[in-house]
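Encoded as structure tokens, here's the structure I'll be asking about.
First chain written, first letter: the chains are A, B, C and D, and each begins at residue 1.
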Amino acid sequence: MPLLVSGPVATSTLATEIAPEDLPSIYRAMVVARALDERCLTMQRQGRIGFYVPVMGQEAAQVACAWALEAKDWIFPAYRELGLALVRGVTPEELLDQFFGNAADRLKGRQMPNHYGYRDRNFVSPSSPIGTQITQAVGAAMAARRRNDPIVTIPFFGDGATSSNDFHAGLNFAGVFRTPTIFFCQNNGWAISLPRSRQTAAKTLAEKGAAYGVPGVVVDGNDVHQVFRTVRGARARAIAGDGPTLIEAQVYRLGPHSTSDDPRRYRTDAELAEWKQRDPIGRLKHELVDAGQWSEERDSQLLEEVRADIAGAVQRSESVGAADPLSFLDDVYATRSPALEEQRQQLEGWIQTGLVKL
Amino acid sequence: MPLLVSGPVATSTLATEIAPEDLPSIYRAMVVARALDERCLTMQRQGRIGFYVPVMGQEAAQVACAWALEAKDWIFPAYRELGLALVRGVTPEELLDQFFGNAADRLKGRQMPNHYGYRDRNFVSPSSPIGTQITQAVGAAMAARRRNDPIVTIPFFGDGATSSNDFHAGLNFAGVFRTPTIFFCQNNGWAISLPRSRQTAAKTLAEKGAAYGVPGVVVDGNDVHQVFRTVRGARARAIAGDGPTLIEAQVYRLGPHSTSDDPRRYRTDAELAEWKQRDPIGRLKHELVDAGQWSEERDSQLLEEVRADIAGAVQRSESVGAADPLSFLDDVYATRSPALEEQRQQLEGWIQTGLVKL
Amino acid sequence: MVQAINRALRTAMAADPEVLLLGEDIGVNGGVFRATEGLLKEFGSERVIDTPLSETGIIGTAIGMALYGLKPVAEIQFLDFIYPGFDQIVSELAKFRYRSGGQYPCHVVIRSPYGGGIKGGLYHSQSTEVYFTHTAGLKVVVPSTPADAQGLLLSAIFDPDPVMFLEPKRIYRAVTGEVPEGDHRVPIGKARNVREGHDVSVFAYGAMIPPATDACQSLEAEGISAELIDLRTLSPLDTSAVLGSVEKTGRAVVVHEAARFCGYGAEIAAVLAEKAFYSLKAPVARVTGFDTPFPYALENLYLPNAARIREAIVATVKAA
Amino acid sequence: MVQAINRALRTAMAADPEVLLLGEDIGVNGGVFRATEGLLKEFGSERVIDTPLSETGIIGTAIGMALYGLKPVAEIQFLDFIYPGFDQIVSELAKFRYRSGGQYPCHVVIRSPYGGGIKGGLYHSQSTEVYFTHTAGLKVVVPSTPADAQGLLLSAIFDPDPVMFLEPKRIYRAVTGEVPEGDHRVPIGKARNVREGHDVSVFAYGAMIPPATDACQSLEAEGISAELIDLRTLSPLDTSAVLGSVEKTGRAVVVHEAARFCGYGAEIAAVLAEKAFYSLKAPVARVTGFDTPFPYALENLYLPNAARIREAIVATVKAA
């Protein structure tokens, strides 16, 4: 598979391959993601958090992609982007604060779990409607270029999102304005219960790029090297002014769509079993072991360490109090409108008299 | 240029070429369209009609396409489809009634000129928002198939409309459900002031079909034979159950976008002059003359006849009275709601006392 | 209530082969709230159509089917996700009959779960019924009981006009009740008198009916007799039911969970200020959500509850 | 008025290099109403961006620019064509600051010609301001004079919040007047008292100001003193101006051309029925468009005119 369908030689001086000494860190991020997923799925069943969207199975694509970016590049995530967040330095505790929607949550308890955003990590705050971040990322890329900032913007989205209005408009605008944007599609085989084959009659999702004059490329999303290399290539191209790239990373969602979903209703055990064999974590572990960089022993140690870390984070995060009850009336506008001021006073009274309760 | 990018042999028994004896009729329809355009542009300048959208330059593509269809096929037009309407047997007088919005107008004076629809001619009533008819045509095709009606549906739209949400959704649904739909794109080079080259970075509009698993084909829209043949091929394919086709007919808008537009603001005289040379009416006339089927004499005669016809139609149509003043409160629902009943009585009173006037 | 919806769909599909369903995850998955459970098996994939992820496509193709004469019922997974198809609703669906001079009726039903109370945050909780009630050409229906859900949905499917059928998801499972057998329809356009009273009229709909009922009942002991009207059809409004009640009681409280500003309650208050002015003995109170997006962790503070409704009723009755 | 808008854009762009424009046909064509005439030449194609035909794309990319820190001003050719971008407006633009806990302000201005009076039929005439005023997080502004158009647009461009700037196209050229030089701003959130009066308060905005003014003036001779308030900012509403006026006059007439049902006038009437009830001496009258789509040939019957406003004022003043 060629790296890119077209485009001149990259001018970026960033390495095109993962530095071997980085591999254990990449592996660690993937393990943390998996452990946090497992812990959160359990906590949701226990009623300790309200909802959860696991990334399970997509760790390699996300971690390797984020690794290939620079910290100044703007990530426009969807709701399944734990691997990216970890590489951007978001801690499990910060994430858990968001899942609990507690007083320490940067979003002030306003959004459902998994919809976290961190301006200081250039990790934009996502919504739930599918695809909307795609055009936004293109606009941010136009803005960055206007300011001569040598960065790329990179929207993350699923196979289902390729049917959205914003995919169409976003790729088209990017093609016309040649924006420094990398469209990173994680084709995990399913959009809730709809298989990729029924999402579109196109052979691959990457080939949709041609409809917009945007080169498209398919990668094995379970191969950290291929993902890294492809993203670095696309980034160099974008920075050089040669325009956007659409990357389709083929992965598989090993878990449910979310904690509200039961995948046994629509997919077979055999399919799942097949993809479990290609689990990106096992794959990278084997590679590291084969290269003598890793051992079963260190692996158990890591897992233990990570689980303990997460347990500590859960404990701290769960003991943080609830969000300020009046806070949900803030940030509608930069300053409160007279009507909101009045509603806030009203609410304050109701809370005091016990008319409303958490 | 291959007729179709893929697809098995057609099972339809319809001829794949225009019958030579039909050519004069095709030519006549084109001449009528041009004459009506000219007349209406004049009437708009005189303030006799409020607005007009000329088809000028796109007559061959439309007339040949409509000729290739069967009367039972459902046309989903946009606002520039005079050629199609004429082939479907809509008379200049009926059209003029719509332009005047008079009491004889089937739309009861509700829509701007050019937004005509005729259920009995399977010519669906269009709106102004660009592209919306595309998904609707796909839905109608699904319905026709459910009823086992051997027809196709065919949305007409421009180059600009390929950027619309409905283009994306419509082609995608058509690809997934393999609907009997022919997507007929008239690429007339411009979307108001935006040239085709800035509408999308794709090389052709036809190649956008691949993004949806829909074969795409480019035709010279000024060549009635190529258009006819391509549409017949696509139709046969659709009827045989082999799915949709996207046809890009390359034409040129010789007139303004509408009577509100001044194309000299954005395009050069040279470009216009070049395309005037390829005027589809002149081209077909030459072909007919060369084939001995036509002469300059018959041509002048035809033009005179057509103009007289139109003049008569204008006279009759202009003398029809205004739409019933209370009628604009009908057809919101199948039966008037209590609120509308009340508003109607109110309006009646206001008209009687002269409070409101036409 | 969700079973009643399922039954209504099954009944309509069995009765009329031109009724079909389309939407995301409605087939093998049975809908994310299981409203279409079992229907794929019973009626096949030509009539229970799992679509790609595009509300534009769902609503646009449903319109095309309706133009052709079928009776499509589209499901939008959450009302919060309807906006990619909003153009098709307001520009096309609502205006097809009108713009074609009556040639093209367009009887699509759009079903969608809506409203708060399931900890859905900004994007799984909104009540934006006003976008639709303000759009001429649409009918807007909100059931609050299983029997009404079944009866109104059957009416909607066989109605000649487009119907937005908004399902208060919070009471999908919370509210139960008897449901008549078979094709029993509840007329669109008629409010339901939940309880009679003579001191004050309470207007509510959907998931606000249970707390409004609680509030009214609890006031009985204090000698306040509150009439509760479930509007059921938001458009066209049953104006005579609204006016009739207030002419009797002279006082009104309107309840909805949508944001207050330009919310549905404003129309009820306006109708009263216009047409029942001389009957009114007190200000018209609105008990509503706040003028903010819908919050996640604090949703219980956002949503009107029985206590807030009760307080408003008392204040309205006590007003000079 | 359209020149005033052009001047405001030019002033803002000259003052701040981070202000830029995007939309369909706004560049070489200068906008279909010529609001952006000459700006491409003056500021170049990096700041006056002709986009492909996609409102989704225009609004989505404008949001991305604003997140990054620029001040984009998007033009939507007619308000009737905004719906393909509606999802970006209500789900994204209106909620970005809120959902991110204040991290991501999103100061986009969306300018769009709206309203009837140019024989535009269903799709070049609509007044759907309520879709936006009901959406928390958006500001909604409608000027009625050239000076306000300039001053409010400048305020909007430098406002920290998203602003829907709705331009009454019918008076683009019909209404003229003095316009101050330079960066003179009119504050968002403040109504304008067009004429003082003590018998009745008339609330209107946009293209309804001229007929409302005519109606009020013509009643002077009959001894009726009508106060006319131009609301100017529809959201957030200047509630104190509304209440203050009615506390004085005791009577109110609300005028808009949008459909009546759940229209903007309902909110004004509701505020009065709630908070000025004891001042009110007569029913609150609404003079509005009809509950139909917008017709073409008969648009003069659809639109409220001075005579209808006058009649409503007289009836309100005469009401016992």
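Going forward, a contact is a pair of C-beta atoms (placed from the backbone, for glycine too) under 8 Å apart; a residue touches a chain by one contact, two chains touch by 3 or more.
Please read all numbers here as calculations on a predicted model, not as lab measurements.
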Farthest chain relative to chain A (centres taken as mean CA coordinates): B
Distance from chain C to chain A - Cα centre to Cα centre, in angstrom: 35
CA centroid of chain A to CA centroid of chain D, Å: 39
Gap in Å, rounded to a whole number, between the CA centres of chain B and chain A: 45
Numbers and ranges of chain B residues touching at least 2 other chains: 105, 110-111, 115, 127, 129, 163, 165, 168-169, 172, 176, 198-200, 332, 337, 339
Per-residue overlap in chain C, given as positions that touch at least 2 other chains: 52, 54, 56-57, 80, 83-84, 87, 91, 95, 98-99, 122-123, 136-137, 237, 261, 291-293
Touch-based graph of the chains, sorted into line, ring, star, complete or other: complete
Residue ranges of chain D in contact with chain B within the complex: 24-25, 27-30, 32, 50, 52-54, 56-57, 80-81, 83-84, 119-124, 260-261, 290-293, 295-298, 300-302, 305, 307-308, 311
Partner chain C, residues of chain B touching it in the complex: 74, 105-108, 110-111, 115, 117-119, 124-125, 127, 129, 132, 134-144, 146-147, 153, 165-166, 168-170, 172-173, 176-177, 330-334, 337-339
Contact set on chain B toward chain A in their complex: 163, 165, 167-169, 172, 175-176, 178, 198-203, 207-208, 210-214
Residues of chain D defined as touching chain A within the complex: 20, 46, 49, 51-52, 54, 56-57, 59-70, 72, 84, 87-88, 91-92, 95-105, 136-137, 139, 160-161, 189, 236-237, 239-240
Residues on chain B engaged by chain D in the complex (per definition of touch): 50-51, 100-102, 105, 109-112, 115, 127-130, 160-161, 163-165, 191-194, 198-200, 260-261, 265-266, 322-323, 325, 327-329, 332, 337, 339-340, 343, 347, 350-351, 354-358
